[in-house]
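Input: structures, listed below.
Two complexes follow with subunit A in common, the first pairing it with subunit B and the second with subunit C.
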Partner chain A sequence: MSTVAFITARGLFGRRRALLLLPLPLLLIGLAAICRAYDVSPDMWGQAVIVGLGLVVVLPVVALIVGTGVLGSEIDDGTIVHILTKPLARREIILAKYAVAASVTAVVSAVPLFVTGVLAGSVKLGAALAVAAVVGALAYSALFLLFSLVSRRPVLVGLVYILVWEGLLGNFVSGTKNLAIGQYVITIADKIAPTAILESTIGLTTAIVMSAIFTVLGTVAAINRLGSFSLAGETS
Partner chain B sequence: MTTQTLPAETPTTTGVVELSTVSRWYGNVVAVNDISMSLHPGVTGLLGPNGAGKTTVLHMMAGFLAPSRGTVTIDGKPTWRNPAVYRDLGLVTERESVHGYLTARQFVTACAKMQKLRDPAGAAQRALELVEMTDAAERRIETFSKGMRQRTRVAAALVHEPRVLLLDEPFNGMDPRQRMHMMELLHRLGDNGHTILFSSHILEEVEQVAGLVQVIVAGRLAASGDYRKIRRLMTNRPHVFAVRSSDDRRLAVSLIAEKSVAGIEIEATGLTVRASDYGSFTRALPRIALDQGIRLRQVVPSDESLESVFSYLLEG
Partner chain C sequence: MSEAGVIHDIGYQRYEGPRLGRFAMQQALYVHGLRAAFGLGRSAKAKIFPWLVFGIMLLVAVIAAAVRSVIGETILTYTQFTVQMNFLIIFFAAIVAPQLVSRDLRAGTLPLYFSRPLRAADYVIAKYAAMVSAVWLLLGVPQFIMFLGGAFTTKDGFKGVWNELGDLLPGWGFSLLCALMFAGISLLVASLTGKQAFAAGGIVAVFLVTTPIVGVLSSLPSTTANQLAFLASPPFLLIAVGQWMGGDFEIELGRFGPVYGIEAVSLIVACLLILLARYRKVASL
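Our next item is the complex of A and B:
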């Protein structure tokens, strides 16, 4: 593991906000387990828990906490300077941080989604949700990493993206569906394991291609922005 | 605003760090205005009042700010968007930010690794020895005092033995002992051939460490060169005193004959005396008062703030 990745991971789990990663996945598994224990038909709760909570809330929020945590926090407290004053290609720094963000998000969201999918239907559904979560983690992480570099308030910008762009506009304006990572995730899961729970609105190819575009463009833009990183002037 | 730069010692050779007609503005605000300077091995002080543009200059040198106009180079290579310069450059920012969850040794070793040094552990050990932090090296940085953190940050900035070390207000918030320690360290590094630039708004700090100074006032280079010459210019400026006595009018008559007095105004509240030489005037005043049998009620130097020293320099 590169030193940048090591420091990033230590910083991520050394902060109290890492604890924020726990409750949502636990809630997801907990709700599914309760429904299963009381023998409620997955048709009744599947969509609400898996889509409404798992894919629409848990995955993007985990990605937001992690994605802004690997870079935004270091910019916030100024420790980023210690990494930037090294003869490292900015690409190397962003890729290390991206690798940490994407893999942590993937694990923290794919594992509970897999468990929930198994509880709601089959191992196949669980696996489909896990794969979709990994794709979502790759795309969201690139986007939120970029937000950390274009705004001083990346968490706020990220929440606006999740709540307004994906949540609100996605339901009313059909065009935004093609530009919402959440829709790609639902589509990919649905195409792998078609059930009544998931309802895809766009084509699989679109979902895969657009996820790749978000991932690559987000990362490239982040590398470019980091190259021009400026420190604020006089503090007094 | 028109300013005159005091006769500076124009360097005959190209400096390690070169600023050439550099300006930086934020919107309509000009933070740095047409500054050229060369830095050579040894310790140089960057002196100026708060808000003069010192940090902006340091950030441009360190590649963390693009000059709006002009060029900033280290060894002839531009610093903006050029991470390769960090092989020869160390930066200690004013903001006290460290990865508190690491121990000093972990932190300095991580910096050595990111510099891609062949022996990171050995380099970290040498840097920690240099700043005398080996005893506390296994403690987490968040448990350190301000001075210890500062020294750890200096060790991290020095671990790759850069030719150039930039420090922004390194003495801020340090107690006198820590301050002395840091000054010794900078001296030692300067003597070893490093090119060191540190910023400060306190004249005495610069006096004790740097032989050469660059004085920045309101974004412009007001003076540059040997500290003693600039100091003399500063001390030879007219000093203004507010004087009240038992007989202001008679005192004024006697004072005007004194060589060190450049001018006197008599006001209802007392005398305003402009002295051309601080030392001779303050010695002459009590003698004259005693000779004349005048009782001095108040002698207050009215322009002793650093800002007035700087503005005097600016008037050139």
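Our next item is the complex of A and C:
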């Protein structure tokens, strides 16, 4: 199991690929630092940087790239065969890959969000954002891992989820808010450190329970899918 | 038994027919690219996402045209349509650009292409033209439907149709500008990786990440920063150029209008030049 995790991590970070994940967090911290340096009140920029960039873009996009990268790219390459033919339970494969995806996403998004939160307000806000980002990373990773087993084009499905479900519909149809991971993240951060920057729309219990459901159901469904996974040839 | 060392004539022949040359190759690549953008000539799975986006755009256009013919008021002008459909264009770019360039990298077809008289510039131009056409069709066809809706319900006879056409043409021009910009940036991002998944994620990241920067700059307490804020993000740059060109987007540019025009042009040119530079060497991937 640890070998699978190791290979996955190497596939994710091998060569210069790790550098691809760097610009997003750096941009987040950079923007916050610029605003801080010019002494702009956090009420003015906090919303745009923390919510508009950090929680709505950086966290889901990093989770998407990493979450679909751990499994989707192996299915794409056909190298998944090598792991599937080893005497390992499918459960272990999924859990190892999920652990890598979730922890990488958590680190890449929680650290810059913590720094941004500290710059925008207090250590408390930073910690709240970091905790929320970790919860978000767990839920998003499970979802995107599942996507890469459901479809041959997991990134596009994930983009539909981020852009259409959370982006477009989330603004117009309030009912989808209860089913959007982004809202759970905002709610959790807001309840831990209430500020004017974050605006939670759903209850804390709902947020925690629903994130847990997303995480568990996503992983279980992924294990189930991989259990009956059939290798298709090169599709168009 | 024949003697050793005889070379038998087994009928190999040289090709004597006409050779079509670079232009024909470019054209073939362009047509292939445009078809691939919409998944034509490929499996049903490849058609799902492009036609999903196209369908939503058409639906919006039909609704806009219908509402207009019923209540007689324009709820969505041609340029506003392009701006409002921003997310979908980004999504479409993330679908099409990796199809056009990342697949070639992945499948290793580039050395085959370039072992022909085809130059890197031909390849880049053909792919860019295909992508621009695809994005423009994505916007232009719905706009044309809106035009038909407006033209058939006009009460001023031929003059009304003429006025409507006068609105449509700048709208098409704006869509073309949009297509040029989105195609340049997304092809550039996609050409950096052979993995379609990474390319799609990267394209969306570039467009989405730059948007909040505009929000931050707009909130700074300096008028100059506010008026220059839209430089930071391609979708907003597009809106700003439209405003400078005489559009009606209710944003304040001050005296910086020309700056936006210059940036838009240099952004497109820069993307193309970097693309050309990127394809000077294709073996080292």
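Everything below uses one rule, namely that the second predicted complex is superposed on the first by the 227 of 236 C-alpha atoms of A that agree within 3 Å, B and C clash if a C-alpha of one lies under 4 Å from a C-alpha of the other, contacts with A are read in each partner's own complex, and residues count from 1 in each chain.
Simple rule for what comes next: a contact is a pair of C-beta atoms (placed from the backbone, for glycine too) under 8 Å apart; a residue touches a chain by one contact, two chains touch by 3 or more.
No experiment lies behind these values; they were computed from the predicted model shown.
Contacts of A:V40 after superposition on the shared chain: subunit C is touched, whereas subunit B is not. In the superposed model, A:V108 makes contact with neither subunit B nor subunit C.
Residue by residue along subunit A, subunit B and subunit C are tallied for touches, and C comes out ahead. Look at A:L12: by the touch rule set out above, it reaches neither subunit B nor subunit C.
Of the two partner chains placed by superposition, only subunit B is touched by A:H82; subunit C is not. Residue contacts after overlaying the shared chain place A:V164 against subunit C, while subunit B stays out of touching range. In the superposition on chain A, contact is made by A:L53 with subunit C only, not with subunit B. Judged by the touch definition given at the top, the superposed model places A:T68 against subunit C, while subunit B stays out of reach.
Counting contacts by the rule stated earlier, residues 235-236 of subunit A appear in both its interface with subunit B and its interface with subunit C.
Those residues of subunit A whose C-beta lies close enough to touch subunit C in the complex are 20, 23-24, 27, 31, 34-35, 38, 40, 44-45, 47-49, 52-53, 57-58, 61, 64-65, 68-69, 72-73, 76, 152-156, 159-160, 162-164, 167-168, 235-236. Taken together, the subunit C residues at the contact with subunit A in this complex read 42-43, 45-46, 49, 87, 90-91, 94-95, 195-198, 200-202, 204-205, 208-209, 211-213, 215-216, 219-221. Residue ranges on subunit A touching subunit B, taken from their complex, read 3-4, 6-7, 10-11, 14, 77-79, 81-90, 227-231, 233-236.
By the touch rule above, subunit B contacts subunit A in their complex via residues 26, 31, 50-51, 53-56, 59, 62, 64-66, 81, 83-87, 89-91, 93-95, 97-99, 101-102, 107, 110-111, 113-116, 156-157.
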